[in-house]
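One chain, subunit A, appears in both complexes that follow, with subunit B as partner in the first and subunit C in the second.
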Partner chain A sequence: MTSPTRVVTLRIDDREVSAREDETILQVARDNEIFIPTLCCLEGLSTWGACRLCLVEVSGSNKLLAACATRVAQDLEVKTNTPRILAYRRTILELLFSERNHVCSVCVANGECELQNLAQRCGVDHIRVSYRYPELSLDLSNDLFRLDPNRCILCTRCVRVCDEIEGAHTWDVMGRGIDCQVITDLKAPWGESKSCTSCGKCVHVCPTGALSQRGTAIAEVHHHRDFLPYLTQMRGERD
Partner chain B sequence: MCPQTVRNEAPSDDKRWKIINATMRRNGDDSHALIETLHSVQETFGYLDDVALSYVAKSLRTPLSRVYGVATFYHFFTLKPQGEHSCVVCTGTACHIKGAQALLSAIKGSFGVAPGETTADNKLSVISARCIGSCGLAPAVVIDGNVMGNLSPQTLVARVEREIG
Partner chain C sequence: MPSDELVALKTKAEQRNRANRICVCTAASCQSVGADRVHKAFEAEVNKSQREEQVEVRAVGCMGLCSAGPLVRIENDETAVLYRNVTEQDASALAQSIGRAPVERLICPTDVPFFTRQHKIVLANCGQIHPERIEDYVAVGGYEALYRAITEMTPGEVLADVKASGLRGRGGAGYPTGLKWQTVAKSPDPVKYVVCNADEGDPGAFMDRSVLESDPHRVLEGMAIAAYAVGANLGYVYVRAEYPLAISRLRLAIRQAKAANLLGQNVAGTRFEFSVDIRLGAGAFVCGEETALLLSIEGRRGQPRPRPPYPAERGLFGRATLINNVETYANIATIVDRGGASYASIGTERSKGTKVFALAGQVKNTGLIEVPMGISLREIVEDMGGGVPAGGRIKAVQTGGPSGGCIPNEHLDMPVDYDSLQQVGSIMGSGGMIVMDESSNMVEVARYFMEFSMSESCGKCVPCRVGTYQMHQILSRMLSGCAGPGDLSMLEELTRAVGETSLCGLGQSAPNPIKSTLRYYRSEYEEALRKSRPSMPLAEEGVR
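And then the complex of A and B:
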C-alpha cells in the first residue's frame, strides 16, 4: 500500500508556497507563476536535465541544482533570480547560440522558437564568445519533414517523444561532446529510416527550427503540442 | 511481449558470428548486453559495420539509433576497418602540455594520416585518446598495445616506421 502524499511548504524567491512532496521545484514554480526558463523540459516527456537553464539556488547546497530534476522538501529555500543565476542563464544561452548556426532572420521557426524567446526574455542582445559555425548538412530525404542540424540544441525532445510516446525510437544522439548530433537509425537519411512512422511528433516538440515540415518558409513553422498531454492522459487511463 | 524463440539468422556463414551469438546468449539476449556485445564484435571483426550493428540491434531488440549512439560514444569502438598496426596518441592534459600535438603533426607529415584515419596501404591506423592514464610518461603513445613515453616527434616516427616495416 502506498502512503498518501504529504504536503510540504517551502519558499521560492521569498514567497511561501505549498506543494506535494513528489513535485519538482520547477512544477511548483510554474503552478505559482514564478518564471524559470527551460528548453529540454516538456510536459508529458521524461525529465532529461540537459539544458541547465532551470538552475536554481537551493539552501544547504553550494551547487546550483536543476529545478526540473530536484524534488521539493519541507522548509527548502529556493532562489530563482539571483545575480549568479541570471549570469549563468545568459552564458548558457550564449553558448547554445555560438555552438551551431542560429540565425533567426532566415529561420523557419522565427517567432515560434523557444531559444529565441528565451534570449529575448533574458536580455541576450549579443554573444561574447566566437561562433563555431560547424559545417552540417540538411537532411531533406523525408517527403514530409526536414532536419536542419544547424538549429539543433540537442534537447533530445525528439528522441524522447519518439521513444516514449510514439514507441519507434527512430531518433537518438550519436557521438560525444561537441560532436554530438541527433540521428535516425544507423545515421541513415531520414527518408530511408525503416523505423520512422512519419508521425511528425518530433517536429511538433522541437523547440527551434531544427525539425520542420517540408514546404514551410521563413517564420512559417507552427508547433501543435496539444497532442502530448492528450496522449499521455489517454494512455494513463488505460493502464 | 512474446518471448523470442528463434534466434535471428546471422548475416553470413562466417563462423565468427558464433562468438557474437555466444556473448549475447551468455547475457540472456537482453538489451543491457549491448556494450558487451559490441566489444565482442569489435574484438572479433576489428570494427563495427552497419551489418553487424543491425544484427546486434535486432538480436538484442534494441533500437538501431541507440546502438549507433553507443558505438559512436565510446572511442574503443571503430566503424571503419583498422590498419595492421595501431598508434594511439594520448592527447590528455599532461601529454598535451608535453607536446602531443607535435607528435600528431609529425605522424601526419610522415604518414599522411590524422587521428581516426588509416593509411591507404592499410598498414597504420592513428587514433587519439583522452588520457591513457600514463601521465608520468607524457607525451605517451600506445603502439600495437605497447605504451611508450617521453617521445619526441623524431623518435616516434622512427619507431612507427620500424613497426610497420
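And then the complex of A and C:
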C-alpha cells in the first residue's frame, strides 16, 4: 500500500503555488506558466539534466539546482529569474552556438528551432566566445531522414526516445567532451543501421535541425510531438 | 579470542621468519627503475652463499622516498638500514654486509624530516610486509579488527566508532564518512553494495596505487568492516586499468582472503557474508565521479547523473550503495582497532587523522608521505620535501590536481586541512601535491590543467563540454600571443559560469586552477595580454 501523495506549497519567484510532492520544480513552474528554459528535457522521456538551462536558485542550497531533476518540497523558495541565472542562461546558449555550425538562415528548422527560440527569448544577440567551426559531414544514407551534426546540441532526446519509447536503441553517443557525437548503431551509416525501425520518433523530438525528414528545405521542418505524452500515458495505463 | 583462521596464518608467517631480512621495494615506481632485477640479484646472492635459513629476501611495498629508488632495507630484529639507488651490482656487497658494518656509500639516512615527520596509519605496513602474502598482513595484526567487529561489536557500534573518529572522505570532497555510512545503514533496501573508488586519475597523484600495491589487504579489511556496518554482502573495487600491478595484487589478495575464509560466506565462522569483485576502468577520469563510476560498473557509459538521489539512497543497480575512496577504507581497520576517539586525537578540530600525499614536482625528495592533518604546508615541502633541488624559491604548491588550485609561497605557513585549503582557493583533493619553482609560468600551468579537464570532460552537460574548450582556447591564445582585450574578462566569466552550472564535480571544479592562479598571479595573465597582438579578430557576428 503506497502512502497517498501529499500536496505541498512553495514559492516560485514570490508566487505561492501548490504542487504534489512528487513533482519537479520544472513541472510545477510550467503548470503555473512560469518560464524556465529547457533543451534536453522533454515530457515523456527520462530526466537527463544536461543542458543546465533550467538551473534555479533554491532556498537552503548554495548550489544552483536543475529544475527538471529537483523535487519540490514544502516551503521551498525558488527563484528563476535572478540576474545571476539570466546571465548563466545566456552564457550556456552562447556556448551552444559556438560549439557547432548553427547557421539559422540556411537551416531546415529555422523558425521551429528550440535553440533559436530560446536565444531570442533569453536575449542572446551576439556571441562573445569564439566559434569553433568544426568540420562535420552529413549522414544522408537513410532514405527517409537525414542527420546534420552541424546543428546537433547533444541533448540526447533522440537517444532516449529511441531507447525508451521505440525500444530500438539505434542512437547513442560516441566520443567524449567536445568530440561527442550522436551515432547510429556502432557508427554505421544510418541507412545501413540494422536496428533502426524508421519510426521517425527521433526526428520529431529533435529540438533543432539536426534530424529532419528528407525533402524538407529551409524552414520547412514541423515537429509533431503529441505522440510522446500520448504514448507514455497509454503505456502508464497499461502497466 | 582470535579466530582459528588468524592463528593458522600467524603461525605460517612465523615459520617463514628469518633472523635477517632484505626488503626490496617492488612498488611501481621502484620497479620502473629496476627493483625487480635488484630483487632477483639479492635472491641469487643469498642462494649462492647458502644463507636461506638466516636471510629472507622479501619483496615489499612502497617505502615512500620514490626519488631515491630502488630502495632496499636490510634489517634484523634490532636494527634496520635503508639503502638508496641500489643496483644489481650492489647486491653482493649489501648481502655480505649482513652481520657486519653497513655499506656507507649507499646509506639513505632515515633520521631526516622526510621520515621522522610522518605519522603512518594508512601506510603503516607499506614497505614492511610482503603485499602478496596474507600471512604477513595477519602477522602484523591484520584482519583482527574485522574479526573483532563481526564477533564482538554490533554494526551500530562500528558505525559509532567511525563517526567518533571524525574521518572525512579522502577522495577529495571530504564528506564525513560516518554520516555516509549511517545513511546507507539506515536504508531499508534489502540489497546493499559497498564500492571502493580506486579510479585515481589526478596528474601527479599515486597514493591509492601505492596503497593497493603495498598493502591490498588493508583496503579489503576496511571494505569488509564497512559492509558489516551498513549491512552489505557484495562489494566492488573500481580500479583503473592503468594500474596493472595494483590490480594483480588486489586480485591475489581477494583470492587469499577467500581461501583463508576472511571473505565470502560465513567469514571466520560467523554468519557474516561479504564478497568482493574487481571492475576495471577504461581510461576515463570522469569515472572517478561517484555516479559515473557506478554506471560504469553496471556496464554503461560512464557519465554522471544529477544528484539527488545520492548513491547512499539509490546507487549501484538502483540499490543503496556505500562508495568510499581507497585511503578512506585503509583507515577503517585502525579506527576499529584503536577506537574512534583515539583516531580523533590526531589532526585538527575539523580534519581528523592523517593524510597521504604524493609529493612531486620541483622538490628534492619526491614520493609518498603520510602526515597528520594540520601540519603546515611549509613543513611538508621545505622540511620533508627538502625544497627546490637547485636551491631556488618555491613559487607555488598545487594541490587537488585539476580540481584544485595553486597555493602561493606567502601562504605556505597555513595548516594543511580541508577548510584551510579551501579558504586559499584550493582543495585537499585526493592528495596530489605538486611543487613549482620560479620557472613555472602560471598561465601555462592553468592551461595544462584546463587541457586535462577538457579532454576528460564526458561531454554530457553543456557548460563543461563547451566551457572547458572555450577556456582552453582563451588560455592558448594568451600563451601564443594572439589574445584579444576582452579575453581576460570572458575567461573570468566562464570560470564562474562553468563552476556554478556544470552537472558534476569535474566541471564544477575544472575552473579552480584558473581561479586560483588569477587570484594570486593575475599579473602574469595581464602580462600575457600586454604581449598579445590579436592578429585574428574574434568572431562577433552574433547569432546568424
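Going forward, the second predicted complex is superposed on the first by the 239 of 239 C-alpha atoms of A that agree within 3 Å, B and C clash if a C-alpha of one lies under 4 Å from a C-alpha of the other, contacts with A are read in each partner's own complex, and residues count from 1 in each chain.
By definition in this document, contacts are C-beta pairs under 8 Å (C-beta built on N, C-alpha and C of every residue); 3 or more make two chains touch, one makes a residue touch a chain.
Owing to the predicted nature of the structure, the values given are computational and were not obtained by experimental measurement.
**Q** Touch check for A:Val124: first (subunit B), second (subunit C), both, or neither?
**A** Second partner only, subunit C.
**Q** Check the residue A:Lys187 against both partner chains and state whether it touches subunit B (first), subunit C (second), both, or neither.
**A** It touches subunit B, and subunit C stays clear.
**Q** So, does A:Gly175 touch the first partner subunit B, the second partner subunit C, both, or neither?
**A** both
**Q** According to the stated criteria, A:Thr91 is in contact with first (subunit B), second (subunit C), both, or neither; which is it?
**A** second
**Q** In the superposed model, which partner reaches more residues of subunit A, subunit B or subunit C?
**A** Here the partner covering more residues of subunit A is C.
**Q** Just to be sure I read the superposition right, which of the two partners does A:Arg151 touch: subunit B = first, subunit C = second, or both, or neither?
**A** Neither partner.
**Q** Applying the document's definition of touch, where does A:Ser195 land relative to subunit B and subunit C: first, second, both, or neither?
**A** Touch partner of A:Ser195: subunit B, not subunit C.
**Q** Touching subunit B and also subunit C: which subunit A residues?
**A** Residues 172-173, 175-176 of subunit A touch both subunit B and subunit C.
**Q** Name, in rising order, each residue of subunit B that touches subunit A in their complex.
**A** My answer: residues 50, 53-54, 63-69, 72-73.
**Q** Which subunit C residues qualify as touching subunit A in the complex?
**A** Result: residues 284, 286, 301, 305-306, 454-463, 465-470, 473, 486, 490, 493-494, 497, 500-503, 538-544 of subunit C touch subunit A.
**Q** Which part of subunit A faces subunit C closely enough to touch in the complex?
**A** Those in contact with subunit C are residues 47, 49-53, 55, 63-64, 66, 69, 84, 87-88, 91-92, 95-99, 102-105, 116, 119, 124-132, 153-154, 172-173, 175-180.
**Q** Touching subunit B in the complex: which residues of subunit A?
**A** 159, 163, 168-176, 183-187, 195
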